Amino acid sequence: MQRIGVFICWCGSNIAATVDVEKVAEVIKSEPGVVYSANYQYMCSENGQQLIKQAIKEHNLTGVVVGACSPRMHEATFRKAAEEAGLNPYMVEIANIREHCSWIHKDMDEATEKAVILVRTAIAKVKLNAPLTAGESPVVKRALVIGGGIAGIQAALDIADAGFEVDIVEKNATIGGRMAQLDKTFPTLDCSACILTPKMVDCAQHEKIDILSYSEVEDVKGFVGNFSVKIRRKARFVDETKCTGCKICMEKCPSKKGLNEFNMNLNTRPAIYIPFAQAIPNVAVIDPTQCIKMKTGKCGICQKFCGVGAIDYEQKDTFIERQYGAIVVATGFKPIALDNFNEYGYADNKDVITSLELERLMNAAGPTNGVLLRPSDGEHPKVVTFIQCVGSRDTSGCGKPYCSKICCMYTAKHAMMIREKYPDTEVHVFYIDVRTPGKNYDEFYRRAVEQYGVDYIKGMVGKVYNENGKLMVQGSNLIDNEQITIESDLVVLATAIEPEPSVRKVATLLTASIDTNNFLTESHAKLRPVESPTAGVYLAGVCQGPKDIPETVSQASACAAKVIGLLVKDKLKTNPCVASPDENMCNGCSQCANVCAYGAITYIDKEFRLGGGKTEIRRVASVNPAVCQGCGACTVTCPSGAMDLKGFSSKQIMSEVEAICKM
Amino acid sequence: MKDVELKMLERAKELLASGEVARVVGWKKGDFCYDPSPAVFKTVEELENGFVYDYFCGANLSKYLIDVSKKEGKTAVFLKPCDTYSFNQLVKEHRIKRENVYVIAVECMAKLDIEKIKAKGVSFVTGVEVVEKDVKVSSLYGETTLYKPEIVLEKCAVCNKTHQVKDEEIILHERPVRDVNRFAEVEKLEAMTEDERFAFWKEQLSKCIRCNACRNVCPACSCIKCVFDNPNSGIAAKANDSEFEEKMFHIIRAYHVAGRCTDCGECSRVCPQNIPLHLLNRKFIKDMDGLYGEYQAGESSEGKTPLTSYTEEDKEPNDVFNGEAK
Amino acid sequence: MKISYYPGCTLRTKAKELDVTARLCAEALGVQMEEIENWQCCGAVYPMGTDEIATKLSAVRALDYAKHNGGKLLTLCSACHNVIKRTNEDMKTNADICFRANNYLKLDEPYKGETEVIHYLEMLKNVVGFDAIKKAVVNPINRKIGAYYGCLLLRPSGVMAFDNPENPTIIEDFIRAIGGTPVVYPFRNECCGAYVSLKNSELPKQKSMKVLSSAKEKGAEEVITACPLCLYNLQANGGDILPVKYFTELLAEALGVKA
Amino acid sequence: MTKEERIENLNRLSGTDVRKCMKCGKCSGRCPAFKDMDIKPHQFVSMLAKGKIDELLESEAIWNCLSCMACVERCPRGVAPAAVVEAVRDTVVRMQGKNGIKAEEIPPIVDELIPQQLLVSAYRKYNK
Amino acid sequence: MQDVTTEKKEFTPNIVAFCCNWCSYAGADLAGSSRLTYPANVKIIRVPCSCRVNPMFILKAYQQGADGVILCGCHPGDCHYVTGNYYTRRRMATLFSFLNYMGIEKERTRVEWVSAAEGARFSAVMNDFVKTITELGENKRLSDLRVKEGE
């Protein structure tokens, strides 16, 4: 005989204000099978859980229903409580009377009535619940980090320092990412290279870290603790094991017209190149679209000069397959294309540049050796105008609806640095709002205004146009309610950032969810901010949302902590809510395997007793519980109904349907 | 047809006698001329005493192979064109052991429907003789000539199937190719209003006595245990005790065979209440053809069905009616 | 091919040369412009008020006529194009306006924005093709020409879908096709201010002079436009900085077509 | 009509949601008639949002707006300041005796080259 | 005007929504935490994925007195289980068409894709569905008289 206990939570006034919780508890008392019914202010609190535990013991409960908030919130909490009281955790069901009831209905009678129905439905289900035991699966003690920017580097270093093997897969020829392109970093103005490159070197030298540069993730199989990842190692046409990074090839290469991506295409580089001086690995790569040898078959100069014979024009992409227990996604960002913002004249005027281009123009290793010169004529700009929010906070469809978060601070940094280096240069900043939450951030911005005399103008620019060689920046000055035109020499656009487009493919391979802006979704915005809803996948850096370097590094270390927490375990508990066939009814028809996305179903020949001493060998489905994710696609495709899903069995759902339909 | 029957008998005897096969699945004479039934012949004597192949051998033999193909030794089977689709489908679902079966493809020439003959007012039929499109029906009351296209089985009237499987064939006559639209009747129903359709099916399905003849004959309905017999399914029921139950049974049955039904028409043939059950299955076939591309179950013994595959561009359910998107 | 054509009020009177040259050139390029029957003036400015229905009916009538006569409606005057295209969008997407307009018109079959509105320039680009025009040119225009788009062809870009609203290229491509050198200047998509000239004579002057001086500074020898109102304003108020012509006049010149 | 109704009416007539405005001023940054607008484009939006419609109904700017749609095109939030201006202008000209241009004013300013569309559009914009 | 609405309100449809755990159920949670209302007669059953929904469940709901059944899942391409909702889409497309062929009103059953971020959409979808079913009226064609009498 079933002995069900029902616990109705007030959630303070969140539920109790709209649902008559006492009445619900009272009505439910007379439900068949219910032997105990109570209500309490906060079921999830220590006392609330105690109440449940006590009732389980005192009333010898066989099943528990908690009428409370969404099971996505506290199902785990209540299951744990039940387990502590000696009840199988899967004998607990939640009736969501907050998100699905009290919060959306206003009429108390109506909401109370609905709460009763929802609780009855949960009772109907729990009566058919069966105790389930989580299985176990082994953990491969190695992590994969996708993306070798500061987020990936930090995560890899932290994981490796804890003693686990880490592979960094980086699609470019070197690790370092966007941070390597920056000049100084706010709010302390340290030189970016000075703080980043030592970490890059640490990665290269760490015995537990394997850097797979110029590589991309090609395929992912498996699940938490046991991912199998296929990695494409793109042909760089240079033998990584031989190249010493002497750069003689770069000097001798006759094709020097390739755009220098590292310098935001502001200058050129040879067809064979090392992206920048501190690149890791310090190994050359050939751009086949620029290489004369590869285009025409004639040349081969680099091969001739390479002292170690590292050049291999015939190199092909290769693939490696490795096993990992956890995966960190740190794919980073790029500035958006400005095609939709021609009012700022980016396409027509060389001296209208993006902030990232300005970083290169101010960087000592950049195309102008750190001297600020305008791209059009190499002159020192005397008036520089910054435009904020270019493509950010834009719901018109041209740009991105979100705030890119980093622009206010780096624009203040740029403005300050220009005023510092070139005191005779006027600097104007058009802004909508200046957003500087963060330690020492607002102080930093105010320094730009108060100490460096940067002219901040509240208003947006309507048009940038060229007139007699000057860039005319026409915009509003809302404080003075006027329209102004600033004759400028250089215009810098604080261009919105967006996730690196390759993240979509990575997300698909990992079955990690992604939002409408292509940012990866975290498991919980507040409480599980570095975990993807896909178990074993963690998120670091801008792939999850716009953030600056300090935040990125924090998040990367948080990811590492999560990964380490996973990798120290030898075995993982698996979700017991998996498919399982009733072999006596299984036809062995293969329909279920046809729809299984995880390859969890195989078929075995099994001997069945037919009675009278006879036996029969039949082909029947067999589900690997460690691989099955519990979606239930197979159950519907099974004509005989032999395939069922534990925790969501057909009978349970049918019973819920029956209960929920009763008005 | 007689010449074909003789040839088949001869060949069956040969195969049994030589020990090449352990048994032959074919049709045996019934009590009347119009009710031959599927049978397993194990000896030459059994063949000589009962084997028949005539215009009333409409039954699909493929389903019987589920059991016999598991037995010791090879089984020879005579399959008409339409039967081979069911055979293939069962091989695809690993229900028939192909290597244990020897398929002899036989010509069909369209089978007759005794119900249709009776409906023409001819009862106590004692024999038929088919000459082109004329069928001379002899009965206790004399002889009548009927027009063949009017008295063939529904499945034969719209059939254009060809043998998909054969280890050898016995085909003495060319079968004329027909120009028919098997979906014509489905389209007629689609053209009706919702209310009219509802009324149509209400009338038809209310006749159902839940005898399970359709389920038992259907080669796709070959589950070891049917959901309707499984108390854990939540829909187990032995009888139609409400109008809902009538619909439920036929909707779920049609859904379960969708993508697997070869349109062999056996369900309608055996229905004692003459419910046009094939129109349910054909609706699924027509919709899937229209939405996901032409697909004929049983054409191949490999691959997925339309409902176990997908494309990213599939139409949205809310937009789909009558096999087309809005 | 034949195409339904909506000339509009001004093309019948003050801007005859725009109409005449356009028709002759189209014919030379194999397109028959069939003037629609009983057209009425479109009103010359698109009424934005959400309750404006009566003011849009003449456009809807023209659109409905075209729906039954080839499905496309060709426009030439920028203002007509703007009014008709935006009205068509209303009929397509604004159920309320569509319902009320149809209520007035009592057509046999309600008009729901089925007609495709195309401007003469779009016709040159997409129907004839600039390459075909290039081949048909007999007198290449060897001059530096500034394209003046103004506001009506481009904005609002979501509806007009004519070209990139900030960096349009269609007229520049046209200029290249007839052998000229396009001069890109920043004020080519700025308003010339003509709409307010009856109320405020100063503003149109400033705006026109700004447009022409910007074109001149970038090296243009003349400016072309598709809009009779812009042409008038730039000529009357532009301080004679540069000559202003209809783009069809240059096309006629290049094709060697004479009125 | 109460003031609330008049505000509601203006909102409805403009067909634009003024609450979407994030007060960036891009509309006014681009307006080619800015100097001739006594109330600036961004103010039309914010004043309607705040219900300050009496000032709007008195403004000179409604006669000077060029309807060039630059503000509409540029707005990053999909607000249409020009539609607010037009809603105000429509409201004004629909009031008795408030036509923006009188027939007797026309002849002296019309020269022989003036295109019809200018006269037609002026009537449509300024009169009812 | 008033009378018409009150008259219509007399029929309150009974609506069952099957929501996948990862997107739509979370979307419903978000609708809740955003306080976006929809009628109380919409009741949600949680399933791991829309592909867990067997046509039998839908028929059962009608039998037990539901007037409308709506199935919500992740947007195609975003399924937590990679491909589950693609199967749902085909299964339901054919099932809905079939039910309509049997004379069951086509508006009665619906599939909507609602992501975890679309709380507003969830609420809008439910409001719209309730409206549709209210206009359509009671489910008579797939109801089971025994269940009704038993009430």
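The letters A, B, C, D and E name the chains in turn, as written, and every chain counts its residues from 1.
Just so we're on the same page, a contact is a pair of C-beta atoms (placed from the backbone, for glycine too) under 8 Å apart; a residue touches a chain by one contact, two chains touch by 3 or more.
Computed from a predicted model, the values in this text were never measured in an experiment.
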{"item": "Those chains which touch chain E and also touch chain D", "value": "A"}
{"item": "Far-end chain from chain A, centres as C-alpha averages", "value": "B"}
{"item": "Relative to chain C, chain with the most remote C-alpha centre", "value": "B"}
{"item": "A-E or A-C - the one linked by more C-beta pairs in contact", "value": "A-E"}
{"item": "Centroid spacing, where centroids are CA-atom means, of chain A and chain E in whole angstrom", "value": "32"}
{"item": "Centroid spacing, where centroids are CA-atom means, of chain A and chain D in whole angstrom", "value": "46"}
{"item": "Computed distance of Cα centres, chain E from chain B, in Å", "value": "37"}
{"item": "Multi-chain contact sites of chain A, meaning residues that touch two or more partners", "value": "343, 397, 463, 595, 637, 650, 654"}
{"item": "Chain D residues counted as touching two or more neighbouring chains", "value": "70"}
{"item": "Of all residues in chain C, the ones touching two or more other chains", "value": "165"}
{"item": "Pairwise chain contacts, counting only pairs that touch as defined", "value": "A-B, A-C, A-D, A-E, B-E, C-D"}
{"item": "Touching residues (chain side chain E, partner chain B) in the complex", "value": "55-56, 59-60, 62-63, 76-77, 83, 86-87, 89-106, 110-112, 141-146"}
{"item": "Interfacial residue positions of chain A with respect to chain B in the complex", "value": "582, 584-591, 594-595, 603, 616, 619, 637, 639-642, 644, 649-651, 654-655"}
{"item": "Contact set on chain B toward chain E in their complex", "value": "186, 189-190, 194-202, 227, 233-235, 241-245, 247-248, 251-252, 254-255, 258, 280, 283-284, 287-288, 291-292, 306-312, 314-318, 320-323"}
{"item": "Complex interface listing, chain C residues touching chain A", "value": "158, 164-167, 184, 186-187, 214, 217"}
{"item": "Residue ranges of chain E touching chain A (in the complex, touch as defined)", "value": "14, 16, 21-22, 25-26, 28-29, 31-33, 35-38, 40-41, 43-49, 51-57, 60-61, 64-66, 78, 80-84, 87, 91, 116-117, 123, 151"}
